[in-house]
Amino acid sequence: MYTQALLALPLVGFVVTIVLQGTARRSPAILKTWALLAFVAMAAVATLAFPEIGDTYTGPMVFGSSLSIGLTDLSWWFVMMIAGITVLTSFFTLGALRDTGTYPMYYGWLFLKVFGMLGLVMSRDLLTFFIMWEIMSWATYFVMQQGKEEGREAALGYLVYAIVAGMVLLGGVLFIHQSAGSFEFAVITAYMAKAEFGILLASVLLVLVPFLIEAAVYPAHGWLPSAYASSETSMTAYLSSISTRMGLFGLILFVFSVFGLKAIDRIGISAHLNLRTILLVLAALTAVLPTYTALFQHDAKRLLTWHSIGQGGYMLLGLATASTLGTAGGLMHIFNYMTYVALIIFSIAAVEYRTGTTNLNKLGGLIVKQPVAFLGMLFGIIGLAGIPPMNGFVSKWFIYRSLILGGYPFIALAAFIATVGTIMSVYKLIHNTFLGQLPERYNDVKEVGLLMQLPIWILMGVVFTTGVFPGLILQWIAKIQVGMGIVPIAWTLGGVAREAGDLNMMVVTAVFMATFAVGAIIFFIGGKRRIVSQYDNYAAGHFLNKDVPYNFNYNFYSAFDHIFEKLYHDAPVQTAIRNLGRFVRMVADYVRRFFTGQINTYAAYYVAAVIIALAILKEIP
Amino acid sequence: MNSGIGLIVWIIAYPFVSFSLGVLLGGYGRKLTARIQRRVGPSWIQPFFDVVKLMSKKTNVSHGYMHDVAMMMLVGGTLLTMYFVPVPGFHYFSQFGDYIVIMYILLVPPLGMALGVGQTANPNGSIGIARALQMLAGYEVTFVLTFIGFAMKNGTTSMYELMMIQQSGGVATWGLVTNPLLGVAALFCLQGMMNEKPFEVVIAPHEIATGPMTEMGGKYLGMMFIQHLINLVVELTIYMNLFLGGATNWFEYVAKLFALFTLVMSVNAVYGRFRTDSALRFFWKLPLPMAALGVILIMINGI
Amino acid sequence: MAEKELTQRTAWDKVLANLRKRSLWMLHYCTGCGAVELPPTMTSRFDMERFGIMPMVTPRQADILLITGYLSVKTLKRVILIYEQMVAPKYVVGFGSCTINGGMYWNSYTTIKALDRYLPVEMYLAGCMPRPEAIISGFNSLIDKIGKGEANSWKDYYENYEFYKKNQDHVFGDIETHHDVPADGRYFGILEAKR
Amino acid sequence: MNAQTQAPTTSRPPAATGAPRMTEALVSAITAETGIATFRTKSPRRIEGTVQADALHSFAAALRSRVGFEHLSAISCVDWIAEGEFELVYHFWSYRDSHLVSARVRIPREPGSMATITDLWLPASFFERDIHEFYGVVFQGNTDLERYILSDWKGPPPMRKDFSSRDFAHEHFTFKDYEPTWDELIDGGYHGQKRQGEGSDE
């Protein structure tokens, strides 16, 4: 009962928003309030739907099979994440979104996207999955359009990827239907268990490739940074935190449930050399390369969107080990990353709200002006860097341990290299935003209002609490692992039980608090201290004042730049890249004639493609 | 001594023990350097005088609350690491966190320092931190690879268990003996971890005015000194536990500590300073391939 | 004043002073030629570190401000900024005749003559220039003074700030050191001790 | 800036005559090109002469563009107090001929005014600022005559001959009453005798 209501609510919200969009310019509060109320109601319904886990509801018949939805442990978990982050985002936009008039359909497309995502995670057959996937992709495109001018172009880039992914997925759906004779997951599972190798390989690849594109796994990650970074900032938080993970959801669903791990492991030549190995290598590349690209970004949002890719690599690393600890780490990392990346981007949004920029070379010293935003970002980056006691550490611990003991030393090394890169770039982020010298022009910057602070405080609480008591999350993950056909993790409130490893975050945190208190005691034993002006600073006897910029934030990691500049500026490589670029531009010039930039044209193409595909489907007996 | 009254005594006394050892080590290091340079050198407990002097300064200068909290994080994080690293007779906390935990809580003090230094708004400090973080990609990555190989070989990530495995057969089962490539590579990294020459570019007094410590005076610098002294002990102990078989009693422990520190300080006394990128290139050219080779050998043996 | 304070010293103060005197870090302001005598003082031949005296890099870390030679009006400004950035207890040591009475620059129109009119000088090392033996001997007497609790000239800067400020203003205009010295003195309880 | 750096290259004599000229040839060339006939050879590579104050600018321009003296080495100043004049000496250097031309200009001490040559050589501003600070010469047309080295200087220009550094120092700075007693140990001491003779205020 609640399950259907859950799916219906965002759809109602979408329709109501279309009706109300005329009010956006005059009284934006109406739409904002409506969106918040609807999303809160959605979260409440999602909670109420808990007892309905395991039930399946069938909908209208399409092509001889009925669309069906239902909740599993995995999908309820995802539903809760979607609902939670949506409520927080819409709450944050109450304060943050100043010019609703510019984006009248902001909430409309958000509703549609939520509908698509909820439908996706609740779908119980292949056809529903595909339909919802398409709704979600298109809604994502429209959501991205609600941004700056350059955001529209970037969204177009996403659209190209999404259409490719959608086409491949359509092919996969049709192929599986043709082979297995049904859209139902159970039938497919049974079929795949003893399918021919070729059919298995083709269907796995056709289904996994779109997921990897949507999850922005290297090398299909190119669409993400500019598309996310040029969206409206609260939307960047939303997209980074949950939207990208839908691809990962599909991957979990198909690899572990629909195809089954046994079927997947048939693709390969040995226990250490199979499809999962390829996934591991891809994941390691995804973790390392984008993270080091993030290092050289000058825009806070863009820096974080590169991390969205990189951290996705960690999740895939954990999942691809298919071990108890690894999948637990991967699943938990999805939740953890969602919480702290939303926290960081909300903090950046708070800074942008007051200063009007996210350029890391222009900000600085804002800690005295926006302490709450600073604290939010601090909690967030500690989580992102994976340092105790925040939650990011726990999931990374699982992933490391599974990689080391699973016999993947170099993959584990890659994960650690990515961690070092993460630490470097998040320090640059917080240093250039909040630390260092406060430029004179930001002297009258104030903290943001309570409306925007509240989501930051809530997320800080979540990041810390789930870091200290990972058992709160792990109990769910254990249930999900049962559904995935993996030995569930032996969780305790503070981590994992002795047999599985040595981790008790409660003890770690308690000891840290105690030692921190010792530090505080030593601090207060020392003499009085006085807070001085930022211009009272060592400059080898030079008199500092507001006219003397005395700060270090440009080209922050110069040694890395120095080492890797050869890689980027070396002549043959450079020429090759330039030639490639020229070729791509030439091809794109032809392709551009197809892509007119008119949404109607794309819709027409798309409808045509779907009709052709369905016509083929009709022909097949 | 890992339960009851003994445990409580250990928990309370251990920071003092560790600090005293740190003072002796620090004084010894300075004396050693002085002797190598044919000087008399300071007192054996000179670091103690320095700390007392700094903590008793009267007009301390702060740049804000993060600067203050950073100092607490610095000392707190180091003490935290200290508790999780097993020493003879005290390994209670090892059961709650393995080396992966230690590896990450080792990052808490630098993070605290980085934040505090950031708030002092001194570019010298920021440059120092940027260098320190870049150096992580050199020594820390290599050290972690040696650990990964060692842990994979022995099937556990717990430092206490790794230590026990090494102690099972005397010197012959020490990590340095069974996996010399990993051990030697990690020794290079130890030099970097301890910020001693030639990997001293983070501090570089003649270049960036002691980097992170530029704006630290009075009790702030005093707390950094306390942290530094305890950190000496912690980092040497980590290497000892991973590759020198830890120690079975305190005599052995102190002897190994001083022997290892003699090695580190001797290198420190005779070398100049590498630039950041030179240091990184060094780590990527020599210790990292060495560790990788060691890991590959372990994998081959495993198969 | 000094005697009164000496009698007020508690046992703890005495212990602390005797520990503090073993560690003195020095910031040397080397505009003059006297700096050339410092390297031999620090290195193997005379080894200053055996008394716990070490060179330091920034004013925040240092206890001793060693002025090695003449100060022009322009460099005096920097010295005052650096002195105010130092953390008390701090000791100014005038090194060489130039700091005492102008030395060989006695008739120069931009070189200040007596350093103690602008900063509270704890001790002068006379000579043009003092040899390492003289420096070591001077520092040893400073160490004794600190141990006995007699080295309190830095308090004078807080107590008689008007005097120093007047003399500073006489040779150059107002400078912005971002320090309110009397307010600092009250905040840290250095001025109340007297009144 | 750009125009100035390019000007010498465009007006440089053709390459065919690129061989260094003899000093005598140079003197006659300068005389011919600038119309000022008081130049003489001082030493093998040094030419010296006197230029009227109002003719200096055109002289320098001609020297630079026609004879190839592209580099302004220095401007120096001498205070001839008995004659009531400042003597400004402009040193020009030719890279091609490796010759130095020193042009002496005399201007009255009062009001001590001179036309600037910063429009020909921007770096001349540095020397003019220096001379303004130390001699009080005003360079007409130079917009940047701020204090340079003596940033807090309140007295008269200190390099003028009528400025007494010793008097200024005694007036402006306070000396320590430095009365050492160690010399009494030797022979009663110079200071000790002085003390007895003069008596002390204290």
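In order of appearance the chains are A, B, C and D, and numbering begins at 1 in each one.
We adopt the following convention: a contact is a pair of C-beta atoms (placed from the backbone, for glycine too) under 8 Å apart; a residue touches a chain by one contact, two chains touch by 3 or more.
Please read all numbers here as calculations on a predicted model, not as lab measurements.
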*Which pair, A-B or C-D, has more C-beta contacts?*
A-B
*Of the chains shown, whose Cα mean is nearest the mean of all protein Cα atoms?*
B
*Report the inter-chain centroid distance for chain B and chain D in whole angstrom, where each centroid is the mean of the CA atoms.*
61
*How many angstrom lie between the CA centroids of chain B and chain C, rounded to a whole number?*
36
*At what distance in angstrom does the C-alpha mean of chain D lie from that of chain C?*
40
*What residues in chain B touch two or more of the other chains?*
56-61, 209, 214-215, 218
*Which chain C residues sit where two or more other chains touch them?*
58-60, 85, 184, 188
*At least two other chains touched by the same residue of chain A: list those residues.*
527-528, 530, 532, 536, 538
*For this entry, which pairs of chains touch?*
A-B, A-C, B-C, C-D
_Going by the contact rule set out above, which residues of chain C touch chain A in the complex?_
58-60, 77-79, 81-82, 85, 175-179, 184, 187-189
*Residues of chain A touching chain B in their complex?*
365, 367-368, 371, 374, 378, 382, 385-388, 393, 396-397, 400-401, 404-405, 407, 409-410, 412-413, 416-417, 420-421, 423-424, 427-428, 430-431, 434-438, 494, 498, 501-504, 507-508, 511-512, 515-520, 522-523, 525-532, 534, 536-538, 540, 550-553, 556-560, 562-563
*Within the complex, which stretch of chain C touches chain B?*
16, 19-20, 22-24, 43-44, 47, 49-52, 57-61, 63, 85-89, 184, 188, 190
*Provide the residue numbers of chain B that touch chain C in the complex, in ascending order.*
30, 34, 37-43, 46, 48-50, 52-53, 56-61, 205-206, 209-210, 213-218, 221
_Using the touch definition from the top, list the residues of chain D that touch chain C in their complex._
149-153, 155, 158, 163, 165-166, 168-169, 172-176, 178
